[in-house]
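Next come two complexes, and both contain chain A; in the first it sits with chain B, in the second with chain C.
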Partner chain A sequence: MVENIIEIHNLSRCFGSKNALKDVSLSVPRGTVFGLVGENGAGKSTLIKHILGLWRAEAGQVRVFGHDPVSNPVAVLERIGYLSEQPDLPDWMRVYEYMRYMQAFYPKWDVPYAESLRAQFGVDRNARVRVLSKGQRAKLGLLGAQAHRPDLLLLDEPSSGLDPIVRNDILTAVIRTVADEGRTVFFSSHLLEEIERVSDHVAMLHQGRLVLYGPLDRIKAQHRRITLRFETPQPKAPLIPGALSVNGAGREWTVICNRQRSQIQSLTMSFGTEIVGEDAASLNEVFIAHANA
Partner chain B sequence: MPLQLNPSSGVPLYLQLIEQIKHAIETGALRTGDQLPSVRQMAEELMINPNTVVRAYRELEHEGVIELKHGSGAFICESIAPRTKLMQKAHSVVQQAMDRLESLDLTEDEIRRLIENELGRRRSRPTKKKYTW
Partner chain C sequence: MQMHKGRATAALAWEVCARSRSALMWLIGVTAVSLLLNIVFSSSIAQGRSDSHAGGFPLFISMLEMTLAGTSVLLFLAVFGCTELNSQTGLMGFPRRLFVLPVSSFQLVAIPAVFGMAAVELLLLLFRSDWYSETNNLDLLLMPIYLIVYQSVLWTLSSLRAVRLLVVGFIAVIFLMLLSMLRFQGVPQGRIIAYFMASGVVAFAVSWTYVARQRSGGGSTSGWIHFVPQLSRREKVFPSRIAAQAWFEWRRSGQMLPTLVAVLLVLLIAPLSWFMRSDAGMSSFILVATLSMPVLLALPIGKAFSKPDLWSSDLIIPPIVAVRPLSSREFVLVKLEVAAKSAAISWLFVSVFLMIWLSIWANALRPDYRMIGLTIFLGMLLTWRSLISGLWLGLHGNPRLFVISGLPYGIIPFFGLAGGLWLIRNQPYAMNWLTDHMNVVLPQVEWIAAILILVKLSAAVLSWWKVERAWAYLLFWISSTLTLIALATRVSTYVPPLSHSLVLIAVLITPLARIGIAQASFERNRHR
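And then the complex of A and B:
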């Protein structure tokens, strides 16, 4: 049994002239939740497609359950439960037909469990997939991803545009997966509240590069929001070495920094400023600071 | 269990959970011998990662606040916290009483004799009266 369910080493990929992923390395330990954040176009879906074996690594290496998903797709895919934003489902099938169809792909498909999920989600077994609402499609996709109790639940912005009840169902699926010993979750999301709620580790992609990576608690502890008061009002954002972002007006400016607190403090001595407030930065602030840095 | 966790706060979730369980014990909402929800139940109820619950439970066990019985669950240990608070309150009562006795110009021996007499009197009383502070 491998210790890291996903291992990515120096992964790079270009689409024409565009660098979609640049030298990305990360590991996802078994039994943990890994949250991936980043702006639209940062490379999150591209990364996930490499995990699924849909893209071959141009440079670097991808290993899932210790296998290369491109050369060994069956060994990898039958242990993955995948759900993306607006899942691609066969419109012409009825729900019960779709469930039977999925069962054929997954040896570990649990029929009673699948049925209990369907009932819990309130999806009509006789309805054709094409008449399902967006939320119901997401739930059906979630059913398909969960019912074979995958060793890896892989979610690509699953909650986008969905109501809080469906988002709750998705979060519950994440929690239950990890509560079952040895199962792992990797999900990308814009909803930072969800990422903060359930992630053990987080990573942030910005223009194809990993700008943040590590345990959630450690990343949050390292990022501080410091409010500085200047002697004289500043006409524009002062240049503060060590700051990821500087916001404010006049005399008071707020800085987000990453482990540079002492550097900023020593600077205030020479700049004629004082620190009037300090707090842990929220993940939202961390995200915006790194995206704009 | 009515616990409120804030994922956006600067305080790590596992620490928030530890503090809230301790608070529940201090206020008497949780008593010695009470069983905490299982890791899975707690995680699902609070909508947090089960690993977070495990971390909190392990820390509480390490501090002697709860006991993890393999196979049965997590139970609240005999806690000194309520007793400590009580003792602090009692101490301030004694201090106030002593202040007043001293202002009456009594000696230490006189004060001690008064207290011993009063304790003796109460021992021989048929029913125990309970005072609320």
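And then the complex of A and C:
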């Protein structure tokens, strides 16, 4: 039986009149790279803060390593490595001081590994944190999150606003972590190609609701992009039951569908259209289709 | 071209006002009320100021008018400090976005300076009652010069953050002391003016150079500012996470009080004690000021220390702390430990200074060393208490609660000053009243203290019930309270009527309930 590192049941959270999370349930199996997708304000950071215990569940339940992160923060946090979009690093520290400081909190801190990461990321050990560039700060944050080889690496939009080289460095580090040691990574992003590149499980949040959740391969296999050709030009998007989105103009329309392909096939026959193309939908198309559905 | 320059000057002057619009509105409002009081109650205010036996309404209204005038000056300094938050560095300093304007660095610095000087002249003229006084003529010159120095400190020492306020306060004291000393030594007024003007010119040149340098890429901040942090650089591995957090807390907030105490001892109290070494009255005053300084400084610093991060205006637990595997008990214990270290080092500085001063150049003093030792012990405890007593409010994370809890810091000095003045002016009457009513007042004090003890113990039981118990702290509380009770019993042999009150007060001094509440506050703030 697969052990779940994170288990969330019917989690809801409101900020005033806004529902930041609505009845979200998901579980993250050990050893997976779990990508959380969603537009800005979808509730990704709120969900991550619940996992860290920084937000108290208003309704529902959050369990990390089997513990409630609010009532037992130490047991949860010492097994988590966390990096946020804008890493909260103490500007006044020097890099080596930051590494010493972090080392004290995590018994499993691996000094040679931390040093190799620092060298790999090209961060000067004597530099003050305040003089580091944005990319270097992100790398130092990742070093702090990763050097104790946490059971769960939690990354909240880790590469947002960074250049492609730094992004690649961070993704490589993520992949290596998982590949080398079979640990779990949970990371959020709105960069879908990033999620698609490294994740094996995906969850999609839209306006606080979980609209899609499961192994990436299964999701990609389920979602198809079908190109239809109508006999006559269509003045507006044809209503196709079961389709998540319909885009196009004139005679040719592209349909993104989920599972009901056979249904669409029979419908197209009744519409008098023909299928001129069919392939796997990209995660980007799936995301947009679900967000607009 | 000339027209463009005029427009740029006007725009920059407008910018100074627009940046602090609400403070400017307050400044106008407070100044107007103060002037109105001056007009409507002119005779009462004059009586309150000049008549040393004045009490009641004249004393109150003159104190109120003085407070409003003082508030006007503070608001004025807030408006014309001309600082802005740099989001990249998180520091309040010269507004960097002005660097891209097509004006010279000289203009950038000179316009707020000149505009501020003109405004301060206007403010002083409005508050002026005796137009031909020589003293006031000098004030008209000193205040604008002080403004230039003030702006220079705010702009060039931005990395010192809130400590700059103490620096400018210190410079204000130096200005006043220097003025008194020069006058006392009979230095001609023209030369005094020249000295102060020279300091203004130097301050302006420093600001100008600094802004010009920053505008063209800047340079590293001068090394001495980072001297103190460098003393606590960490090369070794921490033995535990509590040790790591204690180091973090010490670097962030703990070293503030000892640094300030050391600076004031070296730059203010030591020179003053040397100059006044033959004056018994002044020497006694300096001794009292030295012994009370750490406690007085710990009161405002304690307010900031009680927050999750001393330097941040945000009361939320910083993520770097919130996501560390550290329990609320450990975090609060770290705060208590750092406050204790801070108080101990501050008093070590005071003790060393007193040892040197009293044995080498305190010619006019005959100090009672036993009393000084006792004061140092009590002072250390009170300093520590002042640093940590507000933890339960600061860690709670509620800005409204925090601001309301800070109101006494503004109100108590006003009423304390008024009450103190009244007591000084009516000392015989007050002493007679107290002697006559001692048998009525004392039991009431004892009852109040007893009720407070009951409240404290009940709150302690309730607060410690819900959180992880810190047994080490409970042991500390018991031992420190027993020590204080023993001390109170010993002292009460000199004043037998006060024995009960002293013992009851001794039980109240070391915090207990609020430490338990502080843990609950931290938990609430961490898990919102």
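What we mean here is this: the second predicted complex is superposed on the first by the 288 of 293 C-alpha atoms of A that agree within 3 Å, B and C clash if a C-alpha of one lies under 4 Å from a C-alpha of the other, contacts with A are read in each partner's own complex, and residues count from 1 in each chain.
Quick note on the criterion: a residue touches a chain if its C-beta (ideal position, glycine included) is under 8 Å from a C-beta of that chain, and two chains touch if they have at least 3 such contacts.
Here the structure is a predicted model, which is why all the values come from computation and not from measurement.
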Combined model on chain A where chain B meets chain C, clash or fit: fit
Which superposed partner A:E193 touches (first chain B, second chain C, both, neither): first
Which superposed partner A:E7 touches (first chain B, second chain C, both, neither): neither
Partner chain in contact with A:E39 - chain B first, chain C second, else both or neither: neither
First, second, both or neither for A:L89, with chain B first and chain C second: second
Chain B versus chain C as contact partner of A:D279, first or second or both or neither: first
First, second, both or neither for A:W55, with chain B first and chain C second: second
A:I175 touches, of chain B and chain C: first, second, both or neither? first
Minimum C-alpha separation between chain B and chain C after superposing on chain A, in Å: 27
Residues of chain A at both interfaces, chain B in one complex, chain C in the other: none
Residue ranges of chain A in contact with chain B within the complex: 31-33, 168, 171-172, 175-176, 178-179, 192-193, 196-200, 217, 220-221, 279-284
Of all residues in chain A, those that touch chain C in their complex: 52-56, 70, 73-78, 80, 82, 84, 88-94, 96-97, 100-101, 103-106, 130
Residues of chain C that touch chain A when the two form their complex: 89-90, 229, 233-241, 243-245, 247-248, 251-252, 318-320, 322-327, 526-528
Complex contacts: residues of chain B adjacent to chain A: 7-14, 39-40, 43-44, 47-51
